[in-house]
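A short worksheet on the structure shown next.
To keep things simple, chains are lettered A, B, C and D as they appear, and every chain counts its residues starting from 1.
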Amino acid sequence: MDFSYALIFQTFNGVVWGLIFALIALGLSLTFGLMNLMNVAHASFYMLGAVLTAQFVTRLGLGFWSGAALATISVGGLGMVVNRLVLARVVDSPPVIGLLATAGLLLVIESSTLATFGAVPVSVDPPVDATFSIFGVDYPGYRLVVAGLAVAILIVTFLLLRFTRFGLWMRAAPQQRELALISGVSSGRINTATVIIGSLLAGVAGALVAPIAGAHFQMGSSVLAVAFTVIVVGGAGNLWGAVVIAILLGVVRGVAAAFMTPSEAEILSLVLLLPVLLLRPDGILAKARS
Amino acid sequence: MSRRLMINRRKALQGLAAVATAGSVRVAAAASSEPIVIGLQTELTGALAHDGGWGKKAAEAAVAWQNERGGFAGRPLKLVVVDTETKVDVGIRRLQQLLQQENCDFIIGSGHGGIGMASVPLCRDAKVTYLPLARTDGITTELGNPYSVRIVANSTMGASAASKWMVDSLGKRWGMVLADYAFGYSQREAFTASLAKAGGELAQAIALPVNTNDPLPYLLKLDRSLSGIVMAILGPDSVRVYPALRSLGFGKTPKITVSCTQNLFDIVRLGSAVEGVYALDEVPWELDDYPNPAFSKTAFDRIGIGSNGRAKDGDDYVMLPNAIMAWECTELLRMAVEGARWKTKADNLSLSNWLVSNPDFALSEGFPQGGFSVRAADQQAFIDQYILQIQGGRMKRVSKVAGATTVYPSKDLVQR
Amino acid sequence: MSVRTALGVVALLVLAVMPFVTGPYAVFVCAQMITLIYIAASLQMSFAYARILSFMQGTFFGLGSYVACVTHGSGFTLPVMLLAAVAASGVLGVVVGLVVTRMKAAHTAVICTLLVATIVLMCANSFVGITGGEDGLSLRGGSYMFGLAVAFGANRITYCFAFLPLAAYFIFVMLAERTTFGVVMKAVGSNEVRAAQLGYQVWLRHLAVFAAAGGMAGYGGAMNAVVLEHVSSALFDPNLSLTAVLWTAVGGLAHPFGALFGGLLVFPLTELAARAFKYVDIVVGALLIAAALLFPQGIAGLVGERRLGHFNRRSSKEMLAEGPEGRSQTA
Amino acid sequence: MSVASPQPIALETRDLCKHFSGLEVLKGVSTAIRAGEVRAVIGPNGAGKTTFINVLTGIHPASSGRVFLGDADVTGLPAYRIARKGLSRTFQISNLFADLTVLENAMVAVHAGRCFRQSRETVDESLSLVGLSALADRLVSEISHGDQKLLEVAIATACGPDVLLLDEPTAGMSPSETNRFIDLLNERLRSRYTIVIVEHDMNVVMNTADVISVLTLGRILAEGKPDEIRTNPGVQEAYLGSAYA
């Protein structure tokens, strides 16, 4: 295959994956930026999105889109429950306590998924079977649909945060908890909303990924380190930063894969982040705070 | 009835063991009524939980069946199952539990390569016969010893069984998609050698990182002129790789899975993405494809497998090779215990001497897969293997490769 | 004497007599548990004295295991194996420490250690020729310690090699707790801004602590390889680090005995749970959540302030009566 | 300015600037503080007072300009090296070693000190200086807010500084505690250290300061003796006007 074809294809695919990672990272970044909570269990929301979609489609015989929607909503509901039971109780604790509690949650959710649905990786047929050709290579049409949906969801989320009263409160809460309280908004309600939005984003990412990556109870851990790194390198609490880094990472990995073995490409894409962390420990696009 | 009793008793014993300090040593009475203890070191949780679960079902069914037939030389069997959690360190700890606390006479070992490799030397030191379900070469090459007996086919045997058929039937130039893992590399090594020997070549190999989210960009490099692709990847990755291959236009290219990897996930449910895929397996999937379906039916019925090779309850897919092999391990032990007049663990060496001196274990209810013999040099059995193909959502038998054709040279590892 | 110290002494005594009063299985289980406590203790050290909640202590442990295995394979004796393991993981500690000790936000350092652990796991799986990958490498036979033969596997001698350095560490910590050295270590770990404004070179101290913690985990890894007679790339699974985090969290992150208490409580608990219940990780996860929500100080924190009978905390007068502390002024 | 005094300069800044990505907090602060002087830095909220202290002590590097401690240029040095050269500080919100006892806090500070004489006396002295000897064995988290502020002063002095920066030492103190603090400063600290005090409480400022610098919007608006500052119309407008209107 001609080399430049490969490069263009990889860049293209990198952007698609970057958008999927951006969905995951955005949810993580929201809970981190607004609640100062590193939610390790976020990875299990993503996993559940995929696993539930697969179960709804294969066991209940639902269509993919209704299965995915139902799975996303279920994950959002779980986020609400988990927030009430655990997250809300650790929000104002030292960061370590939040990490421990959510790490515990991750274990509980993963093992419960294993206990309920088994260890079997399940595949889901993509709802869009068409392929389209870029430079002579067939590219799965479904991935384009995913990319389009991811862009739409990202835009909606940004609009929500930018232009609604609710978004304003959410942005105000971490900086001015007292102010938010005075203006009649309970920080508890803001946190609940944050967690629900975050878990919906992770859930929908998982649901959309199911036809590409399948569904398996351990699939969450494979995105955990990368998603966390994306938001740290992007600048903690900086939503755009997370999205940009996610896309960059996907492109670097894809392009590197054209030159070296897949493992080397994955390792390289992660190793490249280390000097960034060394030079800009608080993130490449970190907002300066006095 | 007797099985339920036995399980209750096992539970009670386990409870006792949990309460008692670990150091308590049971008196090893040689009385003929004393049960013979078989340990099953298997994966009930973690990544291989599904496979281990079927190993457990099969071992329990086999022990119940043997007990109904009078046990081993009239002595009842007791099965102790431990869960390795698919982790090497836990697997070793559980093995020590079987060896030192449960005082097992024989152990049917894990299907996990790393756990198998770590366990073989420990069983040798404890002088307890170990029958691994792991297929890593090293178990009967570098680690071969009188206390380890393997009846599953290792990577080298699998590759040599498949390669001749692949070159003769499908073509000479093969590519391979492998897990970037010890397992994948041993398959690559084995196929490189055996394809060359069969007159073909392994022209390209792409190693995929385990649990990669998206194999598509890596598969893009696959050569389009290959005669076919050898698939040496693990369960969760398979679910991604087959659809990705199809979307890259490799849907029609022949593909063959190696060494039970087709049993690590519900392959036939991948539908059109896997239609026509070949599989190398130690056992056929459907009852009618077995050399003697009447023999196989006993194992199928008792383990809970329907005649289509899927679970009777719930239509779950089955880790068939591990299930059938666990069944056969038990029968092998019965014949050896009775043939070698085995009384206690102290006789384990003479038991393995009897095993290798017995020329052939013939097809029977106890050995539904086919007959085999155990080689003296490394105590590796050479079983028949099968080439299967997915046809219309069913895994059908295409060809059988005789075990004798997969024999490879070995040093005399087992000094007697 | 506080209840915490008393419990610590009892725990160490129990571990010390274990190989002489129980059977081989118990010795094996305890030896394995002790090697794993090194991970927890090193994590606690890193967190309490360098403010880094490291999710890669299992990586140091795995590196130590491999270095011990490789040096054994090259024909070196036990002391060399152990020293090489400590040195290698200590060096990795310095390298990673150079990055993570510079990070201001606690989160960033956690993520960075997680990232390094992920990269190392990928490398370990990928470089099968060196690591044996998932199948691993065997550590067979035995070795020599100054002419004395040491058989690998769990036995009284390897048990001592695993237990004694750990016991020495805990005893040292116990004795140093109220000395200037102990207090300064705690202070520099707990409030770096204040410490720097008093004139402590916080960064270098944190780096040294992180590297030492790495070396400590490496020693545990080396002894783990000796006791289990096997190493594999599974040692680099982040789950191992997570287990250590659990032990330390339940035992108490703020006090070194937290790692000891956590290990001694959680390890047998999960072993017992595993016999009764298939999905042990649900129990483990629930325990972690409970620890975070209900007793964030851990066991060491819960019992820390209680006093035993008339042994009251030494008064300031008594402490000062001892005059200048033994440690020379080098800061 | 006390022109008559021949005392050498203890702390000097020359055109000190600090900005946080575009936001200019200090816009060229030049001042010189003589040894033995008590200098008060006052100014409305957001004037840059705490940033000024943070830049002096090396928590934040200066964007431009220089800082001299005695004759030594300490610009850009890390915080711990500036501290070792004899500059010590307290924090506006008490910033102590919370899980240590009062005595242990003092031990840590003495150990860090430049004087290589660590003994019962040094630790005792630092606590008795602020009157906390009786609380030596209490955990910091158990003592009152006022006592914590005093302990701040104790550990800031225990490491043996020449120059002491006090960042709002009386914030949150009761009136009687505040008066006790004024006495402490005038009777015990003034004679030993060069002191820079950032303070909101005019009562404290007028009763302790030799010289007052008024900081507004990152610049020194006025500098002089308390009486001069009190009558300076510009100061009244910029500072008192906004603070008390």
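Quick notes on this one:
The working rule: a contact is a pair of C-beta atoms (placed from the backbone, for glycine too) under 8 Å apart; a residue touches a chain by one contact, two chains touch by 3 or more.
Since the model is a prediction, treat every value here as computed from it, not as a measurement.
The chains touching subunit A as well as subunit D are C. Relative to the centroid of all protein Cα atoms, the closest per-chain Cα centroid is that of C.
Among the pairs A-C and C-D, the greater number of C-beta contacts is found at A-C. The chain with its CA mean position farthest from that of subunit C is D. We define each chain's centre as the mean of its Cα atoms; on that basis subunit A and subunit C are separated by 33 Å. Mean C-alpha position of subunit B lies 75 Å from that of subunit D.
Computed centre separation for the pair subunit C/subunit D is 41 angstrom, with centres defined by C-alpha atoms.
Separating the centre of subunit B from that of subunit C, both taken as means of CA atoms, is a distance of 38 Å. Within subunit B, residues 45, 180, 207, 209 each touch two or more of the remaining chains. Residue positions of subunit C with contacts to 2 or more other chains are 122, 125-126, 278-281.
In subunit D, no residue touches two or more other chains.
Considering their complex, residues 32, 38, 86, 89-90, 93-101, 103-112, 114-115, 221, 224-226, 228-229, 232, 236, 263-264, 266-267, 270-271, 273-274, 277-278, 281-283 of subunit A touch subunit C.
Of all residues in subunit C, those touching subunit D in their complex are 180, 183-184, 186-187, 190-191, 193-203, 254, 313, 315-316, 319-321, 323-325, 329, 331. The part of subunit B that touches subunit A in the complex is made up of residues 45-50, 180, 206-209, 211-218, 220-221, 235-236, 238-240, 242-243, 247-249, 264-266, 269-271, 273, 316-317. Against subunit B, in their complex, subunit A makes its touches with residues 1, 6, 9-10, 13-14, 17, 58, 111, 114, 118-123, 125-126, 131, 137-140, 209, 211-216, 218-219, 221-223, 253-254, 257-258, 261-263, 265-266.
By the touch criterion given at the top, residues 14, 18, 21-25, 44-45, 83, 85, 87-89, 92-93, 96-97, 99-101, 113-114, 117-118, 121-122, 125, 136, 138, 143, 180-183, 185-186, 207, 209-210 of subunit B touch subunit C in their complex.
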